[in-house]
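The following pair of complexes shares a single chain, chain A, combined with chain B in the former and chain C in the latter.
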Partner chain A sequence: MSKSREDGAKKDQSMVIQKEMIANHYKRLERVPETREPVVYTFVPGNLTELVRSFGALPVLPEINALQSGMRKKSGDYIAEAERHGHSEDVCTYVKCDIGMIKAGNIGPTGTRLPKPDLLLLSYTGCYTFMKWFELLREEYDCPTVFFHVPYQGDGILEPEHREYMVRQLHEEVIPALEKATGNSYDEDRLKEYLALSARSEDDLVAVLQSAKQRPSPIDAYFGAVYYVGPIFSAFRGTQEGVNYYKALRQEVEARAAAGLGPVAPSGPMGEEKYRLVVEGPPNWTHFREFWQMFADEGACVVASTYTKVGGTYDFGFRHDPADPLGTQADYCGGCYTNINLPGRIDMLVDYLKAYEADGFVINSVKSCNSFSAGQLMMLREVEKRTGIPGAFIESDLVDPRYFSAANIKNRLESYLQMIDARRAGLSA
Partner chain B sequence: MSRASIAQWAKELYEDLDFSVVRRWRENNPGRKAIGYLPVYAPREILHACGCLPVGIHGGGDRLEIIKGDAFYQSYICHLPRSVIELGQSGRLDMLSGVLFPSTCDVIRNLSGMWKLLYPEHYVRYIDVPQVADPRIATDFWAGELRRLLSDLGELSGHVPGEEELRASLALYNDLRQAIRELYAARSEAPWTVPSEELYLLLRAGELIPPEEFLAKIREYLAAARAEPGRMRDNSRVIVVGSFCEQPPLGLIKTIERAGCYIVDDDFILGNRFLVEDVPLEGDPIEGLAAAFIQSAVKSSVVYEPDPEGKRTLLKAQVEAARADGVIFAAASFCDPALLDRPMLKDGAEKAGIPCIAFKFSENSGQFQQFREQAGTFSDSIKLWGGV
Partner chain C sequence: MRSVIGIDLGSTTTKAVILDEAGEILGRGITNSRSDYDLAAAVARSEAHTNARFGLLAQAAEGRVKPSQIARLMRAFRLEQTLRQLVRLRELVEEEVEKSGFGGLKPAAASAVAEIFKRIEEEERAFFRNLDPPKRSDFFRDAAGSAYTRIAEELGDPQGVSFDMLLGLYDKCIIRVENEPLDLGFRDHILAALKRIGSPEGLRGAVSMAAETELEEVSTVGTGYGRARLPFPKEQIRSEILCHGLGAHRMFPGTRTVLDIGGQDTKAIQVDDRGLVTSFQMNDRCAAGCGRYLGYIADEMNIGLHELGPMAQKSKRCVKINSTCTVFAGAELRERLSLGEKREDILAGLHRAIILRAMSLLARSGGVFDEFTFTGGVANNHAAVSALEKLVHENYGEKTLNVSPDSIYTGALGAALFGHSLEN
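After this line comes the complex of A and B, so read on.
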């Protein structure tokens, strides 16, 4: 995290906790060759962190490594490395960044070597590319892979037979694979304990995200919130550290809200909240600070975003339920944002625009990601039609620095905000 | 009919973007429905048993000007969905009562949701094929999906087929796949007699007509091919991989063959031969169809490969079966499934000493010079040195 940002926030307790928990996690990963703790690689959407941890295994999420490589300006080289190994320039850059990182020695975000997986848990949730990604990783690691098929919500609901299908896979495929890879037996009581911790973190996260309904919003629900969802989307859902983090974060955000303060942007506290925006699509990571600052400089605060639902959608009521330890994981996976069909995504954006009293919405369409991007132009028009609010469409990529054009994005954003001004003037005239 | 006249008939169907043949079928079969499906695999047997005409939607290729479709897709998304949207928005698909969207990739997946919004009068179903490795779990899931489709289409068509009717459809499609296999075998045997251009056009025509007619046409074509053997040329034998969804323009297929590469196997329109084995006709027909998918779906980019050796060994096996000299990877630009698979497949092929080349196309590519040169050089190098 940036220095100026930390200064601006006077080293909030939550940041300290987050830094510590991430550092400890990577330290444990680094020590795996000695400790022999089992390691399970899996994906952010549909991650079964509580289950993985209930077997005493450490989760590794290749997307997080890729985005971290993007933020550390390493992704360009990694992508080039993967392309040298025959990967097409056309495909998802997360995959190429990860493959390139492996080819370059598998040095993780904290500068130490990541351990090999004992199991690839291919949670096939909301993204086709996941299937290829782990088929490719299997070529690198030659380790067991277990496939967990999460049916897509094509008709906008998680159908009961799909839920049963998932529960059965958990019972008959995933749990035996975890038992085999870790040497530990399934312990349902432990799993329930972790799920209960998850629900507590989820309550606090939702309170944080929904604090943006206030004016001014105490948080930026996109750029700022990617830090907030980090722990719950990755290795820390269902952990006591996670609970501590979200409790501290909620207290801080509530204090900011009570004091009428806005969010802290990369260069310090944001000034007056001039625009309230909803954002659809993942951020660009290679120029993350610059990207955020463009919004902050204009007084544009993001009050809700869909990307922060990609690893779980909690703000419409879902919580992990210890009373139904496997069924609840099926519900969780089914509801991850990219597993929701286009009409459902549009409903969500419309809902956010209204509930958060936003002035507009921005779609950041990333070249990498068909799962997000295919259909976004239609989403733009549908949301405009249903709300009467025009949207902005910008294009970039996740971790390929070649596709971030600062001047274009800035221009697009500025003219969009001017258009909001003109609309306001028109409406008040 | 002669080979050339069958090919001509097929070409007319292929070029007719108003789908007149489907419209005529509807006029001649009042009350019956035509149901579209996108690539790759859709269980056509169920559509047929419900009295519907299954209609393959494969975009407009290089024959369709994109006027509205580009407003729906960014430049970095493959061409197929924009041309499908174009077909829809220009009213060319208005004879359909529904469209199935198989779980081929996220582009087609998301298009299913767009279709729901654009055509609320259509029946729209996302077909999530089973991916899980355990055959019992996979079969139960898939049988459930098939039953759901059967019940939906039964309601839509007003005709809920009994077991015997379902079995008859299974048997018909078994015969059809067998005939397609024979067609492929005939080409592999004597590619100078069954040019890929003709085979391909026949397959495309088959996507628009009732399966009974398609079956008869293949048999007729095979008889004509036997009666009119072509003249063998000193070409190399290649298999084409990566064109299972967005289809290459016909000109590209012709270019490859004219540049000196006989195509002796390919994955064009792969859905029509997705099941490698016959569907059993005993027992519950839905269970049988489900089990056939689990046990004998062709290895492809759209179904998970549980065998760690699978990707590495696939092309070697295919090349050997087709007695091919090399592999041409021909994938649509921005096609994640084909392009993400390519490094794994290519690695395996190259390790087995199989010469490979790769290029990308778009269904509306109009310039073939570069492909001609690549394929020509490839063929020459195979002939000279057995590889590149």
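After this line comes the complex of A and C, so read on.
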């Protein structure tokens, strides 16, 4: 192990905590056949973790399994397996990775077997493919499904009637389905308790993400932050473990900020912060470290990203509110990044470019995800127009290793950064 | 004389441009990018030096000899270079015959090889004597390969030393010739070339001056697909996107939009009034519709790359082609031929398909603005230029379309300009 790697590992204690939390969760899932704990599958955007947990159920998030499989170099084989079962090359690769994993024995990314779901809880927040994905899983597992419809913010606002509509669904459909699947009754006090824990984690997460306003930024708010949002986007929102993790993470980041240190990239602490960038779109998972290192090698630090808002947007003030346990979950779901319309996404990017004093922005357009990619070029032009800052456009995929061309991405990124250099030299001349 | 050099290490060809202290172009050089990128860069650099020295020579000899004499000297120089490479190729092929398991056929193989090289050499000498020679590729691999293949086909005997055996020898050895640093520079061959044209009085002094001038390289900047392979410090490596923008601006100062179609990249670039890039788009990892695609089509049709454009321009009825996938290029071509379509009509369709793909990138980068400059190897293809002119007119109205005969050097020129600005 290189010295720089050791430094990196030592400084990222929170990573150790997180790894343990995740491993324990998967172990607990593996023991389900003996413990008989109920299991609810749900997706990251609009996940109702506190509610699910309040019924004593364990959440499983298929996209997290898919992206973890991508990071652990297993997704290529899973996708090939799904394609052997007739899924075409153009189908979302998260879906194929998940289906392939199930067909290959349903061994999760950490090497433990995943339990069957007692309920598929589909919280619909803008991704049409999620519906089809759960239809496929329903075929696979022959289990009950409940559909929670979150109205899309087509006009950029969540109206009171949208909120009422969602709360009514929670009362009339989601809660009864959870009661039936778990055999437990709805316990609002417990839910409130969990929501309060969520709000504490959210405060700490926002402090961590906003630390990037400092120069140099102590964190990378895209590559680094996908680890930071991991617990809150998956099974740990509303848990004491989550609260502990975010407290530790915040202390760690604040210490880095106080010491004037930059982020730790895969090959070690990053050098001088030469470029501050905002990124739109999900990362590529199959070559995640290589992708990050391309930025780090150039001294490019990501100071804000939209992807880290797919499982909840907290940096504009929203917090889970225990005083309104169902209404707050409606607000949360409506505000997830996937549920925000194109003008809303543009506003967010413009806001980030200004608030984080960024030099530029990069759109990573992923082949798999039309929910993300459709309209991104229009967004690029509009953000350029409103800020006067040119953007870059790169293309890859979520978990299909065939769609990652290192040379092509490196070329575009380097060209873009050199373009920023030329622009700086030109502007100062 | 102090100079700066820009090297564009492309996927198909490697180009070099030398600038003098004032930033004026002294010389250009090109070679095919072989498996050894370092050597490709060295050859392109040497060729650019040769071209620069011919430029100095022409200046010195101005008024003393006719321009046609300088052109003849240049062709004599090329002949000397070719003969040098032929000698090496022949040595290697003969070694192969000796080593190979031809058994009883060895004498026959040796005699076929001797005959092939004798004829190629004769053809090369005749090509030099021809006052109006046909257009052909400048690369030794192409010229020698096409002659070797043709003669081997005539001499090949299915019962004895077959065509395939002879071709196998060539394939094995040409790569080695290309990857050996041969003495092909100006100083190595200029005196022999001068002698070959009878050492005209007015040229001798100019030749000595050109050979003796020192071209001190004070800065080198690399760009292109293989730029990471160049042994230069980071600040001397520039993205080809920026280089194409700057190079196009130098060639045509009114340039606002640049389209570059290279071997495996297509780029749409917008530049400001100083040639600085403001926006760009390029193809994704798939090289569909790039120069390499035309290369495959030429191979499929068994014709030279430079013959594709003229053939497409004979078309009266452009066939609609849907796919520009390089992998399926051959299949698409054969399918169309089997449907009875004419070769020229299919080729016209293929050129249009390539340009349609480029139009999509142009739109993504922000559109086409006046003036519009087309660069890269494909800009040498008149059928591609015509298709582009037509589609730009249909989509964006009247625009000035600039195509330089030296468009293939745009990236190297931009790199040299960056080098020049580093020095100043």
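Basically, the second predicted complex is superposed on the first by the 418 of 429 C-alpha atoms of A that agree within 3 Å, B and C clash if a C-alpha of one lies under 4 Å from a C-alpha of the other, contacts with A are read in each partner's own complex, and residues count from 1 in each chain.
The working rule: contacts are C-beta pairs under 8 Å (C-beta built on N, C-alpha and C of every residue); 3 or more make two chains touch, one makes a residue touch a chain.
Predicted model only: the values in this text are computed from it and were never measured.
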Which of chain B and chain C A:Asn408 touches, first, second, both or neither: second
Which superposed partner A:Gly426 touches (first chain B, second chain C, both, neither): second
First (chain B), second (chain C), both or neither touched by A:Tyr186: neither
Greater chain A contact set [chain C / chain B]: B
Which superposed partner A:Gln418 touches (first chain B, second chain C, both, neither): second
Touched partner set for A:Leu377, first chain B, second chain C, both or neither: both
Partner chain(s) touched by A:Phe318 [first = chain B, second = chain C, both, neither]: neither
First, second, both or neither for A:Glu395, with chain B first and chain C second: both
First (chain B), second (chain C), both or neither touched by A:Tyr227: neither
Set of chain A residues, in rising order, touched by both chain B and chain C: 377, 395
Residues of chain A that touch chain B when the two form their complex: 85-88, 90-92, 95, 122, 124, 127-129, 131-133, 135-136, 138-139, 142, 145-149, 151-152, 154-155, 161, 165, 168-169, 172-173, 341-346, 365, 367, 370-371, 373-378, 382, 395
Footprint of chain A on chain C - complex, ascending: 225, 228, 238-242, 265, 272, 274, 276-282, 284-285, 364, 366
Residue ranges of chain B touching chain A (in the complex, touch as defined): 71-74, 76-77, 81, 101, 103, 105-107, 109-114, 116-117, 125-126, 128, 130-134, 137, 140-141, 144, 301, 304-306, 308, 311-312, 331, 333-337, 339-344, 346-347, 360
Parts of chain A lying in touch with chain C, wherever the complex brings them together: 377, 381, 384, 390, 393, 395, 403-405, 407-408, 410-412, 414-415, 418-419, 422-423, 426
